[in-house]
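In the two complexes that follow, chain A is the common piece, with chain B as its partner first and chain C second.
And then the complex of A and B:
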């Protein structure tokens, strides 16, 4: 998403935590959730079920859309006994991850729990993801070519 | 065409498949190959199967490679068959390759472009000598990290576009065609052509791209930019009513820049061919961009003379699943067809005698 589109998003905070959850491993979410005290019971409204998303690109990178190919996606919707409905669409075929992501999405909408779940789950997950990204970017930066000026080499 | 119903092969088929399973496993003195090992250590095979299977899922592609004993076209076939069993939830917003988290980015037209030349994990500049240290479980050098962060990397067409020397992207806000839903029809627009090229056979697209360089519909290409890295995918589920980010894909993009003489209405400028594919597949992305540009010959008022410029020829033959199906069907029983041909030849000989 471009910066201009992001600024007009109706719920940027939720968009952020859903993006973090979509990239997190199930075991890691479960482990972090265990530090959040007693969680409300939840029932599954839909899924977790596997399916596809057709990924689109743009001709030339910025022109008309075209269908590039599909990717596997798993979705899940849960309702907590406290009445919050959480959704998840996550890349891949891991059902447990989709269910945990939907549960955390529901918990994050609860103002009584939001701060704790943010601190104990979302923030550490996001930090880990940022570290991975920074590491890859740093590996890439190490392969940036530093040109020498040929004229100075001849003299 | 007629096939004759054949019965009686069941036992032979069962035994053939059982033998295939043993051949796939190989000698059991060696440990079994895990799908995770294929995913991690045969990444370029995984990328190719995802591209030609037209389904991004690294684990499934690795599984298909294992099942197909490394036959990548057979693996892509398995992936295409699997995808038909799944419902489609949504289509994504077009991915923003300008915002790609770059792992490789090179340009053959500007040495000192903003963001620089970033080589990434490339085979370029290797000596193509067999590395016998790989016969053993060799140690890998630790990662080299740069203290300098990557700088923003504008796309090369945008750099050239500032002077108006290159054709701009034009966007029609219409639903793109989808080869998985509607059969191919002609004339085929660029959206469908790009989809077909993205899932087409790498060898076929490479050969066609090569043919344009050797004079069959040449268009003087320069690799304006090649970039590879992760992009996020966004969808807008109806139940949410806003866009969400569902994860990352690795893509390779190629912007080929081509000479163009201009026409009565358009001044001389550079035109472009475009390549975008799943995974790290530079050879395929570059070939795709060459063939995309070649297929635009008619649109740009150039003579359509060469195979790569012939849209029907390219699109009807680029899909290796369709091609393998039709070529390999020849091995199925054609006993009745052949009997009638045999009678024909005998009859012609008799009447000639």
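And then the complex of A and C:
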């Protein structure tokens, strides 16, 4: 996703927390959610149900889009008794994960709970995901090959 | 997104299959009533109309929604994904009163199956004006009572029926009951 597309998103804050939730594991969300006190009851509007989405890719800056392949996605929509509707689309077939992510999305829209859920669920999940990404990046960086010889030959 | 979004079928696969069977039987035997179950419809739709929409409409079937039923449009779009379309391009029309059938697609000679199907919500399928149905699927003429059709419905219908094999099909819904009037059926006032 390019920076320009990112800035035109109608609700960048929601996009951020939905992205964090989409990458989080079910057990981890449930554990963090348990620290948030009494949660409103929720009913399921749709799902959780599995399906396929076509992942499209583009090679190089000028290449046209091609179908990379299909991946399984599980989606869920819930409504809390307080009237907030949360959606989630997560990779894979784990239904509990989609339901928990949808529930947290609904809670995050509630201004009375937003701050608490943000600090107790979203921030820790995001920090863990950043650390994992940084660790993978540093592991990969250790195996990086610098083609000094070829660079020297060209100059 | 509206905050009164409610669930669709309680058991999506079984309920949709059973409703599909009901619509199929209703089309095969015009005027016979079938009950639907498994969904509690958003206002102003009745349960049967909502069940038929959930069963038949999807993202590949452009839908024209009666402006009088606009309150249900969020629910319909969310659960079916059907794109909104003007009457002439719609494959399904969801109406609370009989729309002008001449504005709907009747199909073409090569593809008569591309005509529109009208899902019409009426007040009752057991009381009201009586009609005599005749045609394929009926061994002998069948008398039905329908409350909620315009007074000149028989004449309007005969103009649609005269275009056979082209023409629109009608699925009538009231409460949790449905019945169908395929284009092949001929209708007279009783």
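Definition applied: the second predicted complex is superposed on the first by the 141 of 155 C-alpha atoms of A that agree within 3 Å, B and C clash if a C-alpha of one lies under 4 Å from a C-alpha of the other, contacts with A are read in each partner's own complex, and residues count from 1 in each chain.
The criterion applied here is as follows: a contact is a pair of C-beta atoms (placed from the backbone, for glycine too) under 8 Å apart; a residue touches a chain by one contact, two chains touch by 3 or more.
Every value quoted in this text rests on a predicted model; they were computed, and no experiment measured them.
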Superposition on chain A - do chain B and chain C clash or fit: fit
Chain B versus chain C as contact partner of A:84, first or second or both or neither: second
Touching partner for A:43 - first (chain B), second (chain C), both, neither: second
First (chain B), second (chain C), both or neither touched by A:111: neither
Contacts of A:75 with chain B and chain C, given as first, second, both or neither: first
Which partner, chain B or chain C, touches more chain A residues: B
Partner chain(s) touched by A:141 [first = chain B, second = chain C, both, neither]: first
Distance of closest approach, chain C and chain B, by C-alpha atoms in Å: 6
Common interface residues of chain A - those touching chain B in one complex and chain C in the other: 49, 77
Complex contact set, residues of chain A against chain B: 1-2, 5, 9-11, 15, 18-19, 22-23, 49-73, 75, 77, 87, 89-93, 133, 135-145, 147
Residues of chain B that touch chain A when the two form their complex: 50-51, 54-57, 59-60, 83, 86-99, 101-104, 111-112, 116-122, 143-146, 148-150, 155, 157, 169-174, 176-180, 190-192, 194-195, 198-199, 229-230, 232-235, 237, 239-249, 251, 253, 255, 272, 274, 276-278
Partner chain A, residues of chain C touching it in the complex: 1, 3, 5-8, 12, 78-79
Contact set on chain A toward chain C in their complex: 43-46, 49, 77, 79, 83-85
